[in-house]
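Letters A, B and C mark the chains as written, and numbering starts fresh at 1 in each.
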Amino acid sequence: MEDRTKIKIKDLNLSIGKQKILKDINLEIPEKKITVILGPSGCGKTTLLKSLNRLTDLYPDMRVSGNIMIDNVDILHTNEDITLLRQKMGLLSQRPYPLPMNIYNNVAFGLRISGRKKKRYLDKRVEHYLKMANLWDEVKDRLKDPASALSIGQQQRLCLARGLAVDPDIILADEPTSALDPISSEAIEKKFVELKQQYTIVMVTHVLRQARRIADYVVFMYLGEIIEQGTASEVFDNPKQDMTKQYLKGSFN
Amino acid sequence: MRKFRHIEEKFFRVLMFLSTSIIVISLSVIIFSILHKGLPSLSWEMISQTPKGGFYFGKEGGILNAIVGSLYLAIASTILALIIGLPVALMMNVHLVKYKKLVDSIRFFLDLLWGVPSIVYGAFGFSVMIYFGLKTSLLAGILTVTLFIIPIMVRAMDEVLKTIPRGLMETAMSLGSTSSEISYRIYLRQVISGLITAVLLSFGRAIGDAASVLFTTGYTDHIPTALNQPTATLPLAIFFQLSSPIPEVQNRAYASALILTIIILFISILSRIFSQKYQKNRIKN
Amino acid sequence: MIIGLVIVILLPFILGIGLYIKSILLLEDQSLFQLLFSGDWRPLSGKFGFLPFIISSVWVTTIALMIAGPICLLTAVHLTQYAKPWVLKLMQPVIDILAGIPSVIFGVWGILVIVPFISDYLAPFLGKQTSGYSIIAGAIVLAVMVIPFILNILIEVFKTLPDELKEASLSLGATKWQTIKLVLLRKAFPGVISAFGLGVSRAFGETIAVLMVVGNVASIPKGLFQPGYPLPALIANNYGEMLSIPLYDSALMLAALVLFVVVMLFNMGSRFAISRLEEKV
């Protein structure tokens, strides 16, 4: 059975000044699967991820053209409130960036700014999402401590809980394990496999083995272009492009 | 709720725009008011003659004494500060570069010194002068101003030298290696424009400060011919003559203010040119 | 080289000790507490109460910061978060030139523009009468003087904040302003406090410009539109006579010492906070 398409990217081009970062990206990302974007560093993976929730708006000299359809809404040309769009997507970045406040408020932040302020409701939600990110047991006695006091691995799980708390459909993850120790990395990977029951996950990585472990779909990018895309077994076991073969053999990196 | 947060953002954006405008407007008004009062008072006579009949009462004459005095003072103390300061800055970034803690604490001291108000330097200089039984003089002024600008000069140079990669410094020190000669030249050019900016900054401070010379250089109608004579300076020419009830004398103050402003603007433009050169040559690492 | 280095390191101590030695004469005569908290200033009868000057200094500095602080904060946020890059490029020379203008020029501007503005417009509007030479005039001139100084530090502080923090907050659905208010300002808070602290130390010691517009009357000021007499102005105005009155020179050097100590404390505190912030980021 064909998977339902969650995100559909059509002719996406992105440039900074004269430099083209993304060239004619066409991509369909299926719902409730893990799609891994692979490629050597500097190939535009992160930029592609950021354009999905329009963080590209932050950089005034970036020019974007094309369409990004999420649930059939073109987010690049919509009148809808951009903050609502972004709440549909949780973002996990390379290193955890906890907000400068305590653990509890980090998770409650997204709920509070969208107007839900009742304490009992927040308490319940915070507990729920911390449990979901496997962090609750470690922090339940020190919810009022600053988030910066946690270890890096704990911080990354906190960022996951924080992202889940706004009830997104999609999780965008940009090399989420690159700053973590092997044990924390594994915990995050396992979590992702669990989470795909409910969420569409798009993950950028350059760790090949990680991609092999968890990917359902694979997109291989090089110098701002998509070289190859398909299911994990197609791309890993039977790559069509020379460049993909070389990359999988490890001649990049 | 949703509406409120957008209104709040609009409101603060207007405030932010206003704040930025206030700063631009303030600078414009300052320069305009100095031009407005200074230009009519400015004449060849004004800048080519010393005051006649006393700087506070005499209606004739100009401000040559203050212009020359200020230049003497600022140039001499900038050179002195350069002689003392450049080796210190070099030492911090070449010889001591391995002792990061020490260099950091020197930086801390310099930053503290940079923050000491010039009136404190003036008061200190004055009490030293009294201790040695000296009178107000060009020399006392030069020494006080030198102390006052050393931290500025060293710290500004330090910021420039800090950016040089260490390997390059080592090759430069051991000399003779031709392979890196080209990059060495590039850095030298970059460093020199940075150092010139630092010197100009210090010169600007030296020529513009009033409180440190108030006690130490005194004031006179004449152009000094020796280091032990008192000296007029532009900032004090403005300060003293503006308080005179005689309009002609006040005009001399306005003319002095205009001259001083022009000098400062000129320095500012020069250092902008040099610092842009410095930025352009700078190799990003 | 060594000599230069020694000079640099010893200079703060030499300054402090030099001023202390000169002020010892007065301190032996009267207690420090009495000197600092008495309002009785009659040098001819040997009464040296510094309170009017200290209060004037505190007033002028506080109000200057109350004016300059918000303006700098709003402008720094505007330039680093909202404005197009060319606006920042355009503002940089404006800030630099403002920072380079000598104190005495600010004083002239104060006399030409601020003093008449206060006596002819602001005071009548508020139903007060004043010559214009007042605490508020000193504070306004001082505010404009410290703006470039504080603003430059704040711009640096906001530039050191990681983009990812902003992205994290935005991706949770915060608006740009919410991100600034709830996340960036909180993260930058120690830096902002340090910038203000350095601003205070700069403002507290500023002499000529304030002296020219503040009125210089040696009694405790009773309102913003009354003349004041800050410490630096006291020193600058009286150096001429101080040798002819017993203990007067000692009193003025004590004033300089007080100034030095206050400025140093604010400076050290702020720089310490900044260095801790840099470690954290």
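Rule of thumb we're sticking to: contacts are C-beta pairs under 8 Å (C-beta built on N, C-alpha and C of every residue); 3 or more make two chains touch, one makes a residue touch a chain.
If you're wondering where the values come from, they're calculated on a predicted model, not measured in any experiment.
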item	value
Closest chain to the centre of mass proxy, which here is the mean CA position	C
Chain of greatest Cα-centre distance to subunit A	B
Euclidean distance of C-alpha centroids - subunit A vs subunit B, Å	52
Centroid spacing, where centroids are CA-atom means, of subunit A and subunit C in whole angstrom	48
Chain centre separation (subunit B, subunit C; CA means) in Å	19
Junction residues of subunit A, two or more chains touched	none
Residues within subunit C bordering two or more other chains	175, 178
Per-residue overlap in subunit B, given as positions that touch at least 2 other chains	none
For the subunit C and subunit A complex, residues of the former touching the latter	84-85, 162-175, 178, 182-183, 186-187, 189, 280
Subunit C partner contacts - residues on subunit A that touch it in the complex	50, 53, 55, 58, 60-61, 83-84, 86-87, 89-91, 93-95, 97, 99-101, 109-110, 113-114, 148, 159, 162-163, 166, 172
Complex contact set, residues of subunit C against subunit B	1, 3-5, 7-9, 11-12, 14-15, 18-19, 22, 70-72, 74-75, 77-79, 82-83, 87, 91, 93-98, 100-109, 111-113, 144, 147-148, 151, 175-178, 198, 201-202, 204-208, 212, 232, 235-236, 239, 243, 249, 252-253, 256, 259-260, 263-264, 267-268, 271, 275
In the complex with subunit C, residue positions of subunit B that touch it	5-6, 8-9, 12-13, 15-20, 22-24, 26-27, 29-30, 33-34, 37, 84-85, 87-88, 90-91, 95, 106, 108-113, 115-124, 126-128, 130, 147, 150-151, 154, 201, 204, 207-211, 214-215, 235, 238-239, 242, 253-254, 257, 260-261, 264-265, 267-268, 272
